[in-house]
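Chain IDs A, B, C, D and E follow the sequence of writing; residue 1 opens each chain.
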């Protein structure tokens, strides 16, 4: 394992940024490990939650933003609920994901793609068109056969609409996306 | 008026950033200032002599010392002016070190600030009046509240010192938490074997008057002269007749009473003696479970009692005791197991607390000292201990460490191995806190000799699988989740204050912190005193504490009482409030707001009602003075005019 | 009970994959005289993807719908899907707490939201606003063979600061509702474990492994049916049960019903209208074993004090 | 804390002996630098502070008045700061009715160990008062 | 009027002292009347000119007394009882439901300060005869300002009640609208308003002397040197100090009877300051003065957790 030169590689700006955007103070964490213990995804993570928190306290921006863990978090809120220091850990994970996306660190491409596809559908129709998401996702990910086994089950039961529903207020929803995008570019 | 002003250089501490000469010069310009000088170390002996000489030489009648904080040296200089035959309250200090020279770099601004502050002190001292303390007699008896190990130690030490002691214990027997423990760390002494003889000493000591199953109803009075009302709760058994034979308990048909002594690990009878070594060893009926009280008929115990001690009509009784000092040793409580839903607390019978496990380990406990788990009575093979359950957990409002859990976990894990050699214990911990003598070695021994597996991390959830409990936690050193298949889980539940701690504090007029623990007068230098003179603290009522610390405090509190009672009269602090009866309009708002009950209504000869301060009770806060609309009640040494003089002097600096 | 009126935000899932949740819930509400009204032109709440992109976006998507409800003059909106519920509630709380956020969000949505709506889950409405006796009264069928594992999922009670409902670690609302309806529930330790949530498409294996644990625990707890209140949970446990069996080598056949479907059954609503046939894992044995309820359920008498002579 | 200009404003502080005065001492012992405008009056308890002292200070020329006591629950006299809190809050709400900016009067709690907090209170409060400038209550036109 | 006298004599048999009103030196002035002899009962009156709050005499009175109170005055009694300044068993209260009283100042201005020789009231109008002529006014135009926003026209505490209950449609918000309006002005305007108003003060202390809750009377700290809160100088700041003393000492105690303002010879809106504090007392402690005997005046009590007092940030 690589030696970290804490004097030089301590990114305090990153800690501040995360603290500001999440509204949480990472220094409250005393590494009890309750989040790691309760997290249903620990076994799939490259770094367990408590280590993400520790890496954050140590200003290890690169390691965190490159980690898979921040993408695999499903925001089940177990960590937040059980944290004895009352840190909204899930909020921090969310913030890390937002920052990672903003700074083009994407270690879990499928998840990002799924999210993007979802939001694209939302923007386009105002509501979510599930079959469309699946098809678009399959096309873009190249995994054409994701969940094809389930398709017939769902379709036969009449659960998924074959055509998207577009609501009247779709433009209004789209305008939310647009205005927020303008805000971001306006700020920079 | 001839005021003398003495500006201290404090070496370079003050003189380095304050132009002390200029300050002295400015003071000379104030009318009434007869002398103003500087000295390098005013608190030194020559410095003090300088003051004494100057008082004599310049006929000074007031003194201002501008130096460090009055919290540091006020008493020093008061004694100095007294040596020069000046009343000690003719001294004022101006704090030009902590508040000026040490916190500001700009010498010019510092000097201006010092001039203002010293001028304010001069203005105040000109309004000072001589104050004299009065003396009063005291009752040389002491009340000890709480019969746990700390209270017992205090009671015994006081009695040894020749004092009469009134010992009040809330539960039916003395002994407290220690009487419930099986062994003590780090020596593995049998707890009741070392405590039992002490309990007997208390019972047999002629100087100790024990009120068991009694509580403090009311406290009146002040240091040296307290009048305490004690509520003797109804036991429904005449203790003068009860011999403690235990026959009633054997025959009692109500077998589902909650066992307070055993923390509900198993039921007891509605009439019971809490444990074999109880002192006093007397029976008591719990009317919440007694058939006679619930259904109006039964009477088995009354029939069977050989001495006819049962009295269903017994009522609470109030008795009064006069004492001169009070030692509070009310101990602590523990967070209930139901506070840990993620661990199935209250839901899974085999998730228990440390103190409950202690009772299971104990030979006089419900299992006779055989380790059997509550659900099915089987011997556990795997026992998991979880530290910091509630403690150090801000989300449940307990940020503090419970002090002794790390140690008793190690002890219980060792004992588990002793009792059940085939068993395996696991300890989930965040930090091992073992700073006492022989403590760290003890926790190491648990790991090295007894093979207790310590896992660094918290437990997130416990759920059943078949007869096992799955304990899912983290090993943060490895950064992985771990699961233990446990037969029994012991939670080191947080130490909390007694639920009625605040109520007692209000009666005693002592302070308590956010968590309900009593606050000592000074965390380092006055650890067993409270801010109410005459009331002392011992043991865990002040914060979580282990046995040695509790015993030390018990002895310390006793020595404080003995020292206090070594005098025949006490002197009162004259910095108390005083009512000018000619000004008082008798609205009695001061009476209502005084936190100490130190003001009473008095009728003058002309029939007019006015307020009057009981000097010995007044603590000198001055709430009354800021409450009084007409300025009739004035806190001596901090009168309206003294403070206003400072304000006016402040304003004149513009 | 007065017929309270609520706004009803069904959400995208209930319009498609979770149609049976939508329909069964509406039936149950109708029988219990709970009047609901859908906001016109509601849009998607954004679910998890939105807040991973931009917290403001998540807030704005939620707030737009809350503003619609506000315009209807109603003060409570029922969001049966926990994902929607959490987004709406968070949007509400965030805007309430931080005037800065309120300002920013109101700038980007078409109508401003003035914090007058409280979002609640369907579970909360049935638990807090409907007396248990009322539920018991409606029961016409009993299903003696049925033993249900009540599965709440992650976010209907978590985190407690957002949910402000029931216990985060050991919720009991669904247990009590089902019990009031005479349905036996088992002690289910994994009430709030995560099924894998939205990763069904992108990370199928994770979801299958997590869902497996939930189903296995239900089985271990003696349940022959799982009750859910979340479309994602339902989808993961029911639709993917076959995938799970293949991956883990198990042979689960545990039907996964919305708690509202179970209520509907004992209330006597036709299984077809409740969409029982839409379930992937066959649940027909449940309907087959239904029989007319004999006695009133739910009013358990106080047990006599246990005492020995 | 370097002062931008040497122009000081008149700030007076009433500090309880047990907590805040001690806190100010602690700040001193720790050499936590502070602006120099503040002059401190020691009182036994914040409950001793008559709201009229604050008024008197303003009317006698103070530009800012600070009162600091023990944190609620920690009062040396158990209840003093509770009374102070009510009375001073009343005053804080009354002052602007007469046209005196309520920011000129601040009451807070600082314990004997909170030297750093004391430094922050003094620094911030002084900054606020400098932002507001001197308080002017001047003679109106005479009647008749 | 017959009812009034009957009640007074009934009470008088029990107390030997009844404090009420009688006609003053002219028809538009009533004056306090201490009935100590049976024969004095005949002179007692109640009319639109019975402006005084008679409760001012009660604290520290060493005998049992009967007293007449209007709705507004009755709050004073409740406040006294809250503060323990009188004992309930020492007073017998004759309450009068009141439709408002006349502001004699307004009337005098209308009649150009001519001497009034007769007054007659007919329904909602009032005829005033002066030495030179007779004029008729709408009653409402002459009502005291405090009566227009009166929320308690009926006594809140009494042993005997006279008159039909009067309904008030005034809400809390209406009663304090003037304060809220004033607070909308910029700070500087508020300061200059008070600079002008308080500048008029001649330190006659009439406001204080009329105030039933200024129990200090001649020991008032506005006049003492010990404690020396204020000097006797005519400087504006000292005048301010006096009015602050008055306001602060009445915090959570003023029942808004308005006697201070009625007594002020130079027309300073003295009551406004107290109303402002009362508004805050309601806001902070949900407390309203003189409404409930069991309440505690908020400045003389506390809660460990104050729901409404937030810590102030700098």
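Keep in mind that, in the parts below, a contact is a pair of C-beta atoms (placed from the backbone, for glycine too) under 8 Å apart; a residue touches a chain by one contact, two chains touch by 3 or more.
Since the model is a prediction, treat every value here as computed from it, not as a measurement.
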item	value
Common touching chains of chain D and chain C	B
Selected pair, greater C-beta contact count between B-C and D-E	D-E
Maximum centroid distance from chain C, chain identifier (CA atoms)	E
From chain A, the most remote chain by mean C-alpha position	E
Cα-centroid distance, chain B relative to chain D, in whole angstrom	32
Chain A-chain C separation of Cα centroids, rounded to whole Å	24
Distance from chain E to chain A - Cα centre to Cα centre, in angstrom	67
Averaged-CA centre spacing for the pair chain D and chain A, given as whole angstrom	48
Chain E, residues touching no fewer than two other chains	229
Multi-chain contact residues (two or more partners), chain C	169
Residues of chain D engaged with two or more neighbouring chains	51, 56, 60, 73, 79, 83, 87
Set of all touching chain pairs, with the criterion as stated earlier	A-B, A-C, B-C, B-D, B-E, D-E
Sites on chain A touched by chain B in the complex	30-34, 36-39, 42-43, 47-48, 50-51, 78, 82-86
Footprint of chain B on chain D - complex, ascending	2-3, 6, 8, 10, 12, 14, 17, 21-22, 24-25, 27-29, 31-36, 39-45, 47-51, 53, 56-57, 60-62, 73-80, 83, 87, 119
Contacting residues of chain D [partner chain E, same complex]	51-52, 55-56, 59-60, 72-73, 79, 82-83, 85-87, 89-94, 96-101, 106-109, 120-121, 124-125, 128, 137-143
Touch list for chain E against partner chain B, complex	60, 62, 83-85, 215-217, 219-221, 224, 226-229, 249, 300-301
Sites on chain E touched by chain D in the complex	182-183, 187-196, 199-200, 229-230, 235-238, 240-241, 244-245, 247-248, 251-252, 266, 273, 276-277, 280-281, 284-285, 298-299, 302-304, 306, 309, 311-312, 314
